[in-house]
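Take a look at the structures below.
Same chain, two partners: subunit A is paired with subunit B first, then with subunit C.
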Partner chain A sequence: MPSADRLAKLFLIPLGAFVLAFFLLPMVRLVAVAGSGPNGLAEYLVLITNPRHFGTLIATLLLSATATLATLAIGVVVALFLGRNRFPGQKALIAMLTLPLAFPGVVVGFMIILLAGRQGLIGSISQSLGMGRMVFAYSMAGLFAGYVYFSLPRVMVTLLAAVEKLDPSLEEAARSLGASRAQVLRDVILPGIGPSLMASGAIAFATAMGAFGTAFTLATRIDVLAMTIYTEFTLSANFASAAALSIALGLITWGVLALTRNFAGDRVAAAG
Partner chain B sequence: MTDTPAPTGAAITLSGCGKTFPDGTCALEPLDLQITPGETIVLLGPSGCGKTTTLRIIAGLESPDAGGKVLFDGQDVTQLPIEKRNVGMVFQSYALFPNMSVIENVAYGLRVRGVAKKERLARAAEVLEMMRIDQLAERRIDQLSGGQRQRVALARALAVRPRVILLDEPLTALDAALRDHLRAEIDGLLRRLAITAIYVTHDQAEALALGDRIVVMRHGAIAQIGSPRDIYFRPADDFVASFVGVTNRLEGAVRGGRFETAAGSIAVAGPDRATASLAFRPETAVLCGAGDSGLRFRVEQVHFQGARQRVQLGAADGGRLVVEAAADAVLVVGDDVGLVLDPARFVLV
Partner chain C sequence: MQRSPLVFALQLLVTLLAAAFLVVPAAQSILAGLTVNYFQGLRSGLTLDWVAQVWGLYAPTILRSILLALATLGVTLLIGVPAGWALARKPGRLSRLVEEVVTLPVAIPGLALALGLILAYGGIREFRASVAFILVGHVLYTLPFMLRSVMAVLAAIDVRTLEEGAASLGASPWQRFIQVVVPNARPGILAGSLMVVTLSIGEFNLTWMLHTPLTQTLPVGLADSYASMRLEIASAYTLVFFLMIVPLLIAIQIMGGEKRAKKRK
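On to the complex of A and B.
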């Protein structure tokens, strides 16, 4: 159908113009702004050359990575439990667990404060147990909890689907060969849900790297990249630095996503 | 090095093993079954009759209802999970690990037993050679054909030298020619290894060819246990007879040592009976000229099949039979023919 093809191509032109205008132009502008500050082109490397920014980068990376790993670990356990067992109220439970999908970062931050803030639940419990008021909402720990809370529903939904798609006879075959539960998990289940682990982990990581609402709600003094960009931009009016940091944040996150996509793609091919 | 002794089959006893699933489905009525060491037992029956459930109870993937017992060599293993029973399993879907190569799949059972890498790869290679697939050792699973996967699955199950091998419709996913070929191969292998084998199928030809004994199942119960010959020539009831190949049936009565039917009469042993039916297989009857025997039929259809002809006969009362004739026999539709039956190969019920 060559005429239909030609028609499709005709529609591609306005679509291309749209993409160009709305995606590329602001990015080009961002790059230009970053290079037009008092430091000139050196500003691009501000993330590495400025020790405070570099520290923030490392902290952000560590926080995002550990929050991602924790989310995946919890997600695997929950998904295996929900995927393997049938009990009354299961559908309702799954629906409830996915409720936070709709919450913006601000609400998640608010909930963390309710949980671990100065008047929070954990504080009251620990105080009544005579261990003093435990308050960690306004620190990295609070942010960690917030990121896990934020990503868990997405990760869980993805992993649950993957667990339910696993061929149960693979697990039975491994057990018939003498594999223990732990060996089945290592050799059959984790490789089986590997691509989903990769994909949902990458999304969780990218979300954590760029999350702003949660951090902003919890404390403006937490040093994570999104916070730093905000302060550079609004408080210091340092547009060049803010732009350069934005570009760096974007590139790092994009790189991690691309890397896992490549890796997961290979795994998917190997799994046939 | 954890070397298991040379494979010798286990004796298996099921006693009172029933199975009711949590949703209330009664898949299996309590059944008893004795399997002698080294024997190949075939579970045969239509879909949903409980073959897989029986197999899974023996494997330890399913536990029998209270009161049921599974014994291996006289030892009660009912509470033992599958990973402790040392059984090899071959699944209909093969269930090969997609994240491992062929040789890693075959060596997996040795790996989880803690056999050193060099030793387990050597032993896996040996099994691959026995199955004549050593050239596939480094392949990924998605690079194998159905027949090759089948062989890998069998090699993987045998590599740990199990006491029992359980096969659930292992050939169903393959095409007919390959199925015959692999069936002969599996048969030879099971005999050579003298391993106890339980083979599930709904294909009667496969069952007759492979089994030392056949267990015909129906609605979660055993309909008949016997050698392939018993099952084929002396089916216990209508269900077994019709499930295991085409069976002809003549209705009539026994009077004075003769079975009388609409088509005539023939001599039989046994007392008089007001109603009786005589069952026989197509290939046990021989056609002859009309009047040369006590039975007389009309030729209704003739199908030439190469080596043989398949002939449909009609009796005066409208009953139909299917028999076989030599390829060069001249048969004309509408003619009358006689039929000679071998008294040793028909059953009167």
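On to the complex of A and C.
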């Protein structure tokens, strides 16, 4: 079908033109601007050489990693529970857990304010229990809660599908051979859902690294990489640093996703 | 596996806590947007005043976001469906590479994409100040979802054979695309469209950088109201956002459920 081939080539032109003009060219520009500041090419390493930025990098990495681990831990428990038991109201519960799937970061930030802000629910409860008003929305702890909120629905969807695919006979075999509950979890269940854990964990981590909306809503003074890029660009008009930091951040998120992708079939959304 | 009641109870507790963590604040914000005074609680009575005020303050952002989402959908359909077919009919190294590059914007934070766009095109004043600038960002971010969704369906149904059948009956390539490929790709197009519209309506990371005071969208307005408005107004605005996005999310869930059900058969 030679003419169908020609049509197919024709169909790729708009895609190619769009990606070239609005993705590849801006990325080239980003690299060029990063290298043409007062520091020249040394700017590319600003994330490592500038102690303040390096501290922010470490804080962002730690925050994203712990939020991801917490999300995965909760996700595994919940997915195993929902995948293994049948009870009335289960569908509604699954719907509740997966509904915030596409809440943007700004809205997630507001949810955390309602929970743990100055007039938040947790504060009211802790006060009525006589423990004083607990307020942690506007700090790293708030951001941590926000990232868990953001990623939990996505992780849930992936893990639930993985648990439903597990072969129950493997577990029965392990149990009949005398394996304990913990051993079954460690040697049968976790390896079985391993690829999904890796994939959804990578997405959660990459999302947390690049998340901007949540931090923006909670507090502009929280030092995470996305906030630093934003303030360098808009407040300090330090384009070279902002560009260099975005490149570094982009490389990290892309690298994490690319590394773990081999383990998983499908990627859902990342940098929300 | 035999059940230990303790493990069961703990799992149930974690599950309920997780659900509460996700749902309670959303319910709180819905309630806050509808009560006369949030701090006095429901005793102060229910009202639609806050929603009306939100409409008065932010109607343009809401309408702009709807139009922007539809425009994004239009562009992703025009670019993504034909390209999805072109890539799916010849799966090979080149097709993988194109898909890879097109999908990159999903793996890179919106902030970086937006900075690149501003540095490359910020000097073109009319473009920078128009909604088209935001549209470009939204298409960049959502196009991979349309493309992959279309490609996944076409890969599953062996569209090549169907096309050859149509060709042997004398259909031109263009006719085959419109009459054979597009109808067969419909589930993928529909799923991709839902995803594109949902993502575009909620997009903030790119849009915050790309917008101007005259091109604010709904999420940009939300951030503004969170920072500067009383809690009831911020909540009512969030409620409006929920009303727009929750039907879309439910539709996505239903479609995902159907797909899973089919796979199980």
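Heads up, the rule we're going with is that the second predicted complex is superposed on the first by the 243 of 272 C-alpha atoms of A that agree within 3 Å, B and C clash if a C-alpha of one lies under 4 Å from a C-alpha of the other, contacts with A are read in each partner's own complex, and residues count from 1 in each chain.
Convention: a residue touches a chain if its C-beta (ideal position, glycine included) is under 8 Å from a C-beta of that chain, and two chains touch if they have at least 3 such contacts.
Given the structure is predicted, the values throughout are model-derived calculations rather than measurements.
Clash-free side-by-side placement of subunit B and subunit C is the outcome of superposition onto subunit A. In the superposed model, subunit B and subunit C sit 90 degrees apart as seen from the Cα centre of subunit A, a figure rounded to the nearest 10. Of the two partner chains placed around the shared chain by superposition, subunit B is the only one that A:188 touches, whereas subunit C remains out of contact.
Among subunit B and subunit C, the chain that touches a larger number of residues in subunit A is C. By the touch criterion stated above, A:175 is placed in contact with subunit B and with subunit C alike. After overlaying the two complexes on the shared chain, residue contacts for A:152 are found with subunit C alone; subunit B is out of touch. In the superposed model, A:33 makes contact with subunit C only, not with subunit B. Contacts of A:119 after superposition on the shared chain: subunit C is touched, whereas subunit B is not. In the superposition on chain A, A:259 makes contact with neither subunit B nor subunit C. Once the two complexes are laid over each other on the shared chain, residue contacts for A:42 go to neither subunit B nor subunit C.
Nowhere in the superposition do the C-alpha atoms of subunit B and subunit C come closer than 6 Å.
In the superposition on chain A, the residues of subunit A contacting both subunit B and subunit C are 172, 175, 267, 270-272. Here subunit A touches subunit C in the complex through residues 1, 3-4, 6-9, 11-12, 14-16, 18-19, 22-27, 29-30, 33, 74, 77-78, 80-82, 85, 93, 95-107, 109-115, 119, 121, 148-149, 152-153, 157, 161, 168, 171-172, 175, 181, 184, 206, 209-213, 216-217, 226, 229-230, 233, 239, 242-243, 246-247, 249-250, 253-254, 257-258, 267, 269-272, going by the rule given at the top. Touching subunit B in their complex are the following residues of subunit A: 167, 169-170, 172-180, 183, 187-188, 191-192, 194, 267, 270-272. Of all the residues in subunit B, the ones that touch subunit A in their complex are 59, 61, 81-84, 86-89, 91, 93, 95-100, 108-109, 112-113, 140-142, 156-157, 160. On the subunit C side of its complex with subunit A, the touching residues are 1-2, 4, 7-8, 10-12, 14-15, 18-19, 21-26, 28-29, 32, 38-39, 78-80, 82-83, 85-87, 89-90, 98, 101-113, 115-117, 119-121, 136, 139-140, 143, 145, 147, 163-164, 167, 172-174, 176-177, 198-199, 202-205, 208-209, 219, 222-223, 226-227, 231, 234, 238, 241, 245-246, 248-250, 252-253, 256, 260.
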